[in-house]
Amino acid sequence: MVVMKETASDAEIEAVVERIERVGAKAHVSKGARVTVIGAIGDVETDAAVGALGLEGLPGVDRVVPILKPFKLASLQFRHGEQSVFEIGNAKIGGPYFALIAGPCTVESRDQVLATAEAVKEAGAAMLRGGAYKPRTSPYSFQGLGVEGLALLKEAKERTGLPIVTELMDARDIEPVLEVADVIQIGARNMQNFTLLAEVGRAGRPVLLKRGLAATLEELLMATEYVLKEGNAQVILCERGIRTFENAYRATLDLQAVPVLKELTHLPVVVDPSHAAGRRELVTPMSLAAAAAGADGIIVEVHPKPEEAVCDGPQALRTAEFAAYAEAVRRAAEVAGKVPAGELARAA
Amino acid sequence: MVVMKETASDAEIEAVVERIERVGAKAHVSKGARVTVIGAIGDVETDAAVGALGLEGLPGVDRVVPILKPFKLASLQFRHGEQSVFEIGNAKIGGPYFALIAGPCTVESRDQVLATAEAVKEAGAAMLRGGAYKPRTSPYSFQGLGVEGLALLKEAKERTGLPIVTELMDARDIEPVLEVADVIQIGARNMQNFTLLAEVGRAGRPVLLKRGLAATLEELLMATEYVLKEGNAQVILCERGIRTFENAYRATLDLQAVPVLKELTHLPVVVDPSHAAGRRELVTPMSLAAAAAGADGIIVEVHPKPEEAVCDGPQALRTAEFAAYAEAVRRAAEVAGKVPAGELARAA
Amino acid sequence: MVVMKETASDAEIEAVVERIERVGAKAHVSKGARVTVIGAIGDVETDAAVGALGLEGLPGVDRVVPILKPFKLASLQFRHGEQSVFEIGNAKIGGPYFALIAGPCTVESRDQVLATAEAVKEAGAAMLRGGAYKPRTSPYSFQGLGVEGLALLKEAKERTGLPIVTELMDARDIEPVLEVADVIQIGARNMQNFTLLAEVGRAGRPVLLKRGLAATLEELLMATEYVLKEGNAQVILCERGIRTFENAYRATLDLQAVPVLKELTHLPVVVDPSHAAGRRELVTPMSLAAAAAGADGIIVEVHPKPEEAVCDGPQALRTAEFAAYAEAVRRAAEVAGKVPAGELARAA
Amino acid sequence: MVVMKETASDAEIEAVVERIERVGAKAHVSKGARVTVIGAIGDVETDAAVGALGLEGLPGVDRVVPILKPFKLASLQFRHGEQSVFEIGNAKIGGPYFALIAGPCTVESRDQVLATAEAVKEAGAAMLRGGAYKPRTSPYSFQGLGVEGLALLKEAKERTGLPIVTELMDARDIEPVLEVADVIQIGARNMQNFTLLAEVGRAGRPVLLKRGLAATLEELLMATEYVLKEGNAQVILCERGIRTFENAYRATLDLQAVPVLKELTHLPVVVDPSHAAGRRELVTPMSLAAAAAGADGIIVEVHPKPEEAVCDGPQALRTAEFAAYAEAVRRAAEVAGKVPAGELARAA
């Protein structure tokens, strides 16, 4: 839909029409009292062709208003309004199922991973999270244990049966990650690393894609299309806080994204309250809020001794307090009409 | 606390010390391996005097880091860690009490106000909200019924016994507003209208102060100080969405503000989910999220026939569905450990 | 223009049409391959009526896209593409004329005001700025000299002949301000203080309206309509920095606002580099940038002894260096094709 | 520097001291009237160790204020206040030298690249930009010509002698890019793709690193450290617009970043006005503003026939008008005291 300026001449209107029709769409001119609006009517292919025309650069054009949503495979319409449910190990996520994903920020040691894995399983978590490759703002910070960390996650999985969620930062590391990960996490900073997205699309393993700190929901869904387009239909979206002017916390958790994404897409939507909060005290209230808002799950950081954590200790829940936390989250999810998944279900 | 540049000379350090001591504070110089830090130690008055020095403009100064919070009367410390509870009519708000405040965006007609008031009372609301003076982005939009609207609110109050929350936009209208309002609302756009804040401070009536769209929590608390300083201790803070890059909704509801404000201040914190959402479909999930996050209340828009509302109809809940909404919110507040206040309590 | 959801039924489309036509506009239905778009065609009055319908709340509606700009009197079209030029005292601003407005943040003393006024006049400033009423984040900060400050500005005006720009914060102070002000400044925090805007509209004196920290350009122009609608056509718009995630400076100066506003409105656009920068070192480069971007003027803070300023000293230019600054700004304005106004012209 | 809460106990203070000293730093306790502040004094290594302690998670801690800047190799101090100047082909950039980098958004065809290259060389550009690998929000958009595009850039370089700036998106493509690129561009979306940054660090070729849409200046400099740390000292920083609430343009060009970065780092800083503007009409005023603000260069998009461009045509300058543009930019750079580099110098 092209909105012309009030001062647009007939020739300028004609030039827009001509360019729309040249790529195979039908132009529909609607002259109002003050401005003329030109619609471009066609199928999906001609839509894309019209979008690429750069009509906003033509003389007399005020602006171009896209009418159709630019994402397709991720849209709720693509599945005729039916939400996707993924089975990952013994856990279910999406639709009615609520999944709690918990574990350490970073894999540090065998003791730390196994102690955490057992505590979160006991408390009802559906999956174990843990990072072996860590994207760090500073090159002088700890960058993760790499393949050694992956091996520890594998051991935790064998012990507890919990599916593993772990991050892939570089397409060149995909093979060792695929040996361990039940869900490949793509971090917020890589949300628009398009070649990495295509790579995990081809890998065919479920993906947990975090929203970038300045990404609109539409951009998040377009990034998702890069994965879906390769034939991988299992993407879990994750809200983890956006960047705003407020500096009282690390990021502003945007919980309105939860109900809005669920109107737009069939894919499950989870919330990471740890990174936005940055402090343990805020993680519980924001987890309850996320569950009550209708999230399909929560991914949260837990550590046996947060004071000794290598990374992000202040935001990690304590394993000792995790069962009470999980129970409170379960109650909040029930307010939103959700069914706990995995062990959390059995605990209920 | 003044952080000097790495390149600062001894004379530049001395100049900072001299200016700090001239206003009566004690300067404490701490030389590190790379930079020198100068602390200014004194009481509240010298703190303010040091803050006003503009030391960041002196040669050799890298930045000034304030150590003390700039708000006092609003701080949790001011009440030694005890939260304020306000009794407003039959309702309580703050501390353990959760209050649901509901009513139309704008007072439109006698029928509309009375029908809404009765429906929200029935469903357990603690107070009735309604606007007679409306701040509108456009001068061509409906600006409210003014004193006529206030009279209708008065009638609704007499009928239902519900305390009234209504907005004051201009200090020159304070007298008629004081005849009706149990709580005077100051809108987000007037959060830093400092002469208006002082005026409601002097009026001694409870105030509901909405956070500005780009106001930090610290600025919200500083605006509160303008009211408290005049001797009015009853201020209710309201999160109603902040402005971010995301344009999928009218504003981004910042629920993390709830637990963070409750760490900083003794004052009650409520959430307005209607204005951030802009659409009815989002109001219920965001209300549940706000209650689960520990808010002391929710202020929400309700209308008997939203399709015919003069203003913001799409975001108004329907009176016919309000009882079910109130019940769900009550359950979410309980997850956060809150006790419903007013009629909502009796409904429970 | 109403965009329906892909799943909208014929009855839902019909309901939208019916409501549009009920308020006197003509509905124009355009069915595409996937979605239906309904245009509402009418005159300015029916446009407003359609806008107030809240159609985004109806079933089957995806979103409402406004086609016409909501501001009228401020629009460039309203003057058929001709820019406004205002004569204020001996100065001109707007169209080809570039005006430098300079002076202290706050009026502090007779010596300070007169020394500054003489220095800026000497260097070629077109007007003198200075605050007698100061909006301060903290109630514990200096709030301005009030009427005493206005008297000092009057004396400076008599001495130098420079027109005075000074802020009005409260409609109840308008009379003393009108005795001194050639231009009434409305601060960023009061940009949407609608009753104050209407008051200065009725006063008929030129107004300098600062953009709010989170105000879109469209909102700035809508606020301007409040003044213009009262019959006061002389409004100068002022970009002074917006609030973003970046905390390396007080605000992010949005210079792109300059060329964009000049496409949208006939009114002059000036830039305040002092408040965004917060530091003297940044004021000169940002002033040159503003002038090169095509601003119609700059409003900047100057002080004889910034180290002793009561308020915002670190961002004040020194009177001793002001002539060199003014000369550099003049050169930058010439790159943008501007003619210096007032004394700056004579200095050239 | 650790700021304790007002309510912190002696034991809590002692616990912080103990943890600071355990990693080898010296704790310095400063008790004020209301709060206690604990400084950690040590060398660079102990600073990093203290930073990793997560002290903000300990009981009684209010917040941790870093005193030292976290970047080292990029800092202006690292070169004792001397700005870096890079020689790239016949061009110089940094210090006094201003470089104009121009060319198409995307390499589309031999004719397009050669025509553009010749036009920009003629007008005085110092380098030729052009993309062979294109990061696109949508997987359905044109993704670039890849190696075929690189070959066309190589031909343009042979013809004109202009050094080539081209983007690398994926570390696996580095070899063909190194055969052509004189400067490797890392796009805004990859600013925190840390493994890619390390890779171009090892490649030893000059890098142009674009600021991410939500990246602070400190994060930009930390990303730079990833390159410098590998031994590659030639990084050019690029401001290209940040994401804010304002939707009247694609991004908000943050020109204040220019003088602030130049205070913080020895590296050259250039501005890309095309992507923030999104429209040709805004590119010229913002280019003049960037040059007047003291930028070390501008990187801008140019096309022989923007109406037929595959990508971002509306923001491309026309080759036919480029000489006039370059001349205006040269004048603006001179206002900022800059010397034109490369052909622009000869044109002067």
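Letters A, B, C and D name the chains as they come in the text, with residue numbers starting at 1 for each one.
Throughout what follows, a residue touches a chain if its C-beta (ideal position, glycine included) is under 8 Å from a C-beta of that chain, and two chains touch if they have at least 3 such contacts.
Small disclaimer: the values here were computed from a predicted structure and weren't measured.
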Relative to chain C, chain with the most remote C-alpha centre: A
Pair from A-B, B-C or A-C with over half of its contact pairs in common with C-D: A-B
A-D against B-D, pair bridged by the larger set of C-beta contacts: A-D
Centre-of-Cα separation between chain B and chain A, whole angstrom: 31
Inter-centroid spacing, chain D versus chain B (mean Cα positions, whole Å): 39
Computed distance of Cα centres, chain D from chain A, in Å: 27
In chain A, residues with contacts to at least two other chains: 214, 242-245, 247
Of chain A, residues touching chain D in the complex: 19, 48, 52, 54, 56-58, 70, 135-142, 169-172, 189-190, 192-195, 198, 212-214, 219, 222, 225-226, 229, 242-243, 278-280, 306-307, 309-315
Residues of chain B that touch chain A when the two form their complex: 214, 216-218, 242, 244-249, 252-260, 263, 276-277, 281-282, 285-286, 288-294, 328, 331-332, 335-336
Touching residues on chain C, where the partner in the complex is chain A: 1, 3, 6-7, 28, 30, 32-35, 37, 39, 41-43, 65, 67-68, 77, 81, 214, 243-245, 247
